[in-house]
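Following this line, the structures themselves.
You will see two complexes here that share chain A, one where it goes with chain B and one where it goes with chain C.
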Partner chain A sequence: MQFLTEKDIDYIAIGAAILGSGGGGDPYIGKLMAKQAIKEHGPVKFIKAGDVPDDALIIPSAMMGAPAVMIEKLPNGSEPAASFQSLEAYLGKKAYATISIEAGGINSCIPIYTAACLGIPLVDCDGMGRAFPELPMTTFSVSGVSSTPMVLCDEKGNKILLETIDNAWSETLARTATVAMGLSSMIAIYCLTGKQLKDYAVKGTISQARAIGEKIVESNKSKTNPIQSILDITNGYQLFEGKIIDVQRDLTTGFVRGNVTIEGTDVDKGSTFSLDFQNENLLGMKDGKPAAITPDLITLLDREKGFPITTENIKYGQRVIVLGMPCDPFWRTEAGLKQVGPRYFKYDVDYVPIEELARESGK
Partner chain B sequence: MQFLTEKDIDYIAIGAAILGSGGGGDPYIGKLMAKQAIKEHGPVKFIKAGDVPDDALIIPSAMMGAPAVMIEKLPNGSEPAASFQSLEAYLGKKAYATISIEAGGINSCIPIYTAACLGIPLVDCDGMGRAFPELPMTTFSVSGVSSTPMVLCDEKGNKILLETIDNAWSETLARTATVAMGLSSMIAIYCLTGKQLKDYAVKGTISQARAIGEKIVESNKSKTNPIQSILDITNGYQLFEGKIIDVQRDLTTGFVRGNVTIEGTDVDKGSTFSLDFQNENLLGMKDGKPAAITPDLITLLDREKGFPITTENIKYGQRVIVLGMPCDPFWRTEAGLKQVGPRYFKYDVDYVPIEELARESGK
Partner chain C sequence: MKYRLGIDVGGTNTDAVILDDKNAVIAKCKEATTPDVSSGITRAVEQVLSQSKIDPSHIADAMLGTTHATNAIIERKGLSRVGVIRLSGPSGFGIPPFIEWPEDLLDTLNYTYQIVKGGYEYNGALISDTDEDEIRASLLAIKEHGVDALAISCAFSPVNSEQEMLAQKIACELLGDDFPITLSHEIGSIGLIERENAAILNAAIRKLAEQAYGSFQNVLIDHGINADLFITQNDGTLMSIEYAKKYPVLTIASGPTNSLRGAAYLSGILDGIVVDVGGTTTDVGVLSKGFPRESSSAAEMGGVRTNFRMPDLIAIGLGGGSLVSRDTKSVTVGPQSVGYKIHTEALIFSGSTLTTTDIAVAAGIAELGDASKVKDLDQELIKETVGVITSMVEEVIDKMKVSAEDVPVIVVGGGSILIPGKLKGASEVIKPEHFEVANAIGAAIAQVSGSIDGVFDITAKGRDAVIEDVKKSAKTEAVKAGADEATVEVVELEEIPLAYLPSNAIRFRVKAVGDLKR
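Moving on to the complex of A and B:
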């Protein structure tokens, strides 16, 4: 039996923000919450998907909404457990454990917070292997699991329980509710059996995030460059190096939609990189040609220290490295691409795996 | 013990649309639903508020949203019972009876439909004594009763349960959900004890609606004018007679907001009447001076037959009579006017009871 301690939270928050492909929220708030809960309630049991009984109830715990808002509209701390326990009460059954719905900054930490508060284990897996902007974009949904019953709670004390006819309706109704609640909410969603968890979850993402985060922290202590270690752990590619010269953002739909333009420096001097995001980074173009395409992961790192920069923290003038990493093979299936491929997000490009794009560009 | 039969539905639908002050929806759809349910399940028990035990559970049943939409987006018929029974299941208690949340066209009929489908009585009362556009505009809310837990269902099969911190949040969250559901939903809301019902409801509105409707139908049979009978039953005033020369409407917020201009004919030749509405008629001005002010009732009648014209059915060229009727005394208190008076709706006028306005204008 492993346990997650306060130190692990630092690592996981950093690593998950890298896997989060720019999304999943700034880990800062989630990290503080999870560390405080561990301080108060003790370390969190950290188990493998294989350890979960087939008939156990698993309830993922997450934050929904525009991550940028969470920086100013802080949770009151009771919402994650409130939504989780409301769903338990509705189902008339206690949950065996919780998981991350996505590997992303705040949403790697919220389930640890919930697990600590409720004294239940966290399972080492998630429903995306990265972060994505919409509720149906989980391996669970594409495998036929209903997102509802789900519960949303806000920091004021309002609570909403949804039962929908499909996960697209969950996205519509939960999104409008989240916008009305002030652009963020805490949710309990995608109730799973242990069997479904074992069959459909992306396994090992939380320990992978921890390994990445640990490398970055250690490299900073030893003044070495962490980039190569991250590429090794994730089978990734350094796509670009440069300086941010423009950022466009729009929050009105409950997402952070936007684009960032990076002017090449060093090895990429003379080139330009354009990155489109909708909470998460979705399409990276180097000099007008695709360099990485959703569902593959695209993450901006601070060039000096290797820390991830989530989409709401992108600023003019930042020196960055763009990483590209292959997604879980599940997303490269026809059903996967239909839900999270470039055409879903209205980009007029076909998906090409990052390995092929890298080979073509001679990386 | 009284029963409501198919014939009563015709009368109630007409009368409630007159009490509805232009709102509460075109009774047509609700009438068809209620009559069909009575045909299928038999007459509905019709009881007095005084007959309800103090500790009984009463759940009002209603339609929420823009009435104009209901004409095209028909209910599938299962939503009223679905929302009602979901709320019973959530509370773990069966309801003793249902009531109308408002006296208005469709919302006088929906509870009869629900009562018929579920085999429970309808109580002769409502929560407004007229119709109003927003959830907190009930005598229950102003008396401190929570609108939640409440359930919303749409015709597609989506279901939402709300628990809010106050009734203003219920309005915000239920309204955005209703808009997302396609601008209309069926709701179960304002769970009451029998004691609360007896203390706070406006009593006798359904039988008053029936009496008004019966007068209009009978007058049409005997080719006599029903206006005076309506004025007698409601203590009302004929405010204006004329022809509609302009209608403005906007549906985007989930309400029907608008204004109608009426050019005087007959006794009002040379005068102009302007009527503002937000689902319901709220402010009537004759030649620039207030003639009736919310919460007093303002209703347009077809000049020939005396049938009510709800706001979504107002059309250019209609020959109409404008009726004004005093509201329930509850709304004339400071707390009542704060919730439904003219200043709440952003009109820069003070409330003056219709009796005084009539006296001033010499009616």
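Moving on to the complex of A and C:
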């Protein structure tokens, strides 16, 4: 049996920011919550999807809303227990374990906090293998699993139990409730059987985040370059190296949409990289040609330390490395691309796997 | 004639300058920094007074830049015991105060905290009502624990500071009007943990800062200087000494900022790159509209995360005292340095260590010391070393630049003599007069600022009207801080939409700056 300790959380938080593909929110607050809960309740049991009985009830947990609000209005600490109790009473069954819906960003750590508070195991998997902005963008949803019954809970103790006709309605109603709760809520959602978990979850993503984080911390200690190790762990590519010379953000849609222009330095001197984002980084073009396309992961790293930069923190003048990493094969199916491919995000390009794009550009 | 006195206390040197009413330098000096700080300041003040021969009573304003407070935090010396009261309940219990603080620092602070009902939502709505009896009981528990200072924090206090003020009022009743209390909204921006951390650090160093600034005041009074006193803060603007005594944590990054601001003033260049060459290291920073470009990552101070934005700097191991060595093939410069011992150890000062300064003299870039001591140096070595120094600097300049076009490069600091007059990537290389005391000048010419940071709902008024409001508030803050209203301008407006929610809430950070009222 493996356990997650406070030190593991530090690593997972860094790795999760890389898997966040620019989004998912800074894991910092989630990390503090998870570490505080482990301090109070002890290490978290960390199990593999294969260890879960087929008929077990798995309840993923997450935060919903604006990470920028969560850095001010911190959780009460009772939210996981409150939401799980409601859902368990409704279903007439106890949760066997919890998982992360998205391994990227703050929601990598929230379920660890939940697991520590409730004394249940965390399963090493998630529903995205990265971060995405909407509730239906999970491998579970694409596989036909309902997101409801779900429970939203705020720090005051308000709880809402939702039953919806489809996952798009869950998104609409839960988002509206979250705004009313002060722009952040904790959710328990996508109740799964052990069998569904084994069939649909993206496996091993939390330990992958841990491995990435550990490499970055080690490299900073030994003053070596972590990039190659990250590429090895994720089968990724260094797409570009340069300086951010322009950041455009469009606020009209509410969601953050924007574009970054990066001017090449070192090996990429003379080239330009354009990166489109909407909460997450979605489309990277080098000298006008696609270099990585959603749902493949695109992450900006600080060139000096190798730490990831989220889309909220992109600033003019930063010196960055652009990483591209292949997504889980699940997203490359027709059903997957319909939900999270470039056309869903209104980019007029067809999806081409990053491996093929890299081969074409001779990398 | 009214004069200004600028003093910068660095790790190695205490620099002082006197400027006339046109900001022209009429006296300058560099003295060694002393462990007690004030004797170094005394020597520097006496030096510039005697150089300038002015009547000390004609000095109208005196500005001090010092990282004394920073060092106290790093060395855990002279810190007060601190208690924290946080108004946020029922939120906030999941992440208590002092989270992730280093153990040794916690031991020094004899820390204690209470979380009580209160706090605001992003839009200023109440998370919950405050309960004065609960606040009173919590404060008594903190008092009982034994503390010398108090920090008060509250969820979204940058949006509404009322609850922090209420807690302060009650604390004054219970602990006395003179008890040092720090309010988080006065110090930091959005980000409760970081703002609270900064408030705690501030509470911990207040006593020490009061003493340090008090002794600065005494030095001036003893020398007949009856001026308005200011301390420079992180962003290069001024606080009155009375305010600085309450909020000393705002000075922790003032060192590099002063040197960048001084470089901008001396060269007249507002957008460019500043290369500050000291004895051991060279700091390279970027000027944008006359102010340092800030680093985007959260700054740690003594192992504690804060949300102060420090100037974005790259430091390299190149200085006037850097050692030069050659193995079979290549020449190595630094990072080892003879530091302040350069005046005895460098070849040109009859020492026995080959330093970068010796090479600069041998190459004819600089005139200093006894040039005959280096006349027999291998010409190849000289050429190669100059090449290494040049490419070290050029490499950093290239990293810091944001466009492919060449930009002006301003070279300041005592080690500037190393830097050649031409650099790749530089449209011109400027070594302004008085370059060696740029940081003291940066302190002397500092302006006054006011800022606003908060999340605003734009539904009712619309975005443009809200922007006008926040700009106006920032300007009002600057005038309150002592700026001349006619000169106040908004220098920074950052609009940060809240990700993941299609709502009408936008976070604005605005800063307005103006000249100090004469």
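Quick note on the criterion: the second predicted complex is superposed on the first by the 347 of 363 C-alpha atoms of A that agree within 3 Å, B and C clash if a C-alpha of one lies under 4 Å from a C-alpha of the other, contacts with A are read in each partner's own complex, and residues count from 1 in each chain.
Here is the rule we go by: a residue touches a chain if its C-beta (ideal position, glycine included) is under 8 Å from a C-beta of that chain, and two chains touch if they have at least 3 such contacts.
What you see is a predicted model; the values in this text were computed from it and never measured.
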- Touching A:176, do we find chain B (first), chain C (second), both, or neither? first
- Task: Answer with first, second, both or neither: which of chain B and chain C does A:38 touch in the superposed model?
- Result: neither
- Where does A:69 make contact in the superposed view: on chain B (first), on chain C (second), on both, or on neither? second
- Message: In the superposed model, which partner reaches more residues of chain A, chain B or chain C?
- Response: C
- Task: Classify the contacts of A:29 with the two partner chains as first (chain B alone), second (chain C alone), both, or neither.
- Result: second
- Task: Give one of first, second, both or neither to describe whether A:95 is in contact with chain B, with chain C, with both, or with none.
- Result: neither
- Task: Answer with first, second, both or neither: which of chain B and chain C does A:327 touch in the superposed model?
- Result: neither
- Is A:292 touching the first partner chain B, the second partner chain C, both, or neither of them? neither
- Task: Give one of first, second, both or neither to describe whether A:161 is in contact with chain B, with chain C, with both, or with none.
- Result: first
- For chain A, which residues lie in the overlap of the chain B contacts and the chain C contacts? 156-157, 179
- chain B residues touching chain A - in the complex, by the definition given at the top: 156-165, 169, 172-173, 176-177, 179-181
- Message: Taking the touch rule as given, give the residues of chain A at its contact with chain C in the complex, in rising order.
- Response: 23, 25, 29, 32-33, 35-37, 64-69, 71-79, 113, 133, 155-157, 175, 178-179, 182-183, 243-245, 249, 251, 253-256, 263, 265, 279, 302, 304, 307, 309, 311-313, 315-319
- Note on the structure: Residue positions on chain C within touch of chain A in the complex are 88-96, 99-100, 119, 121-122, 125, 127-128, 155-156, 190-193, 286, 293, 296-297, 312, 314, 398-399, 401-404, 455, 463, 495-507
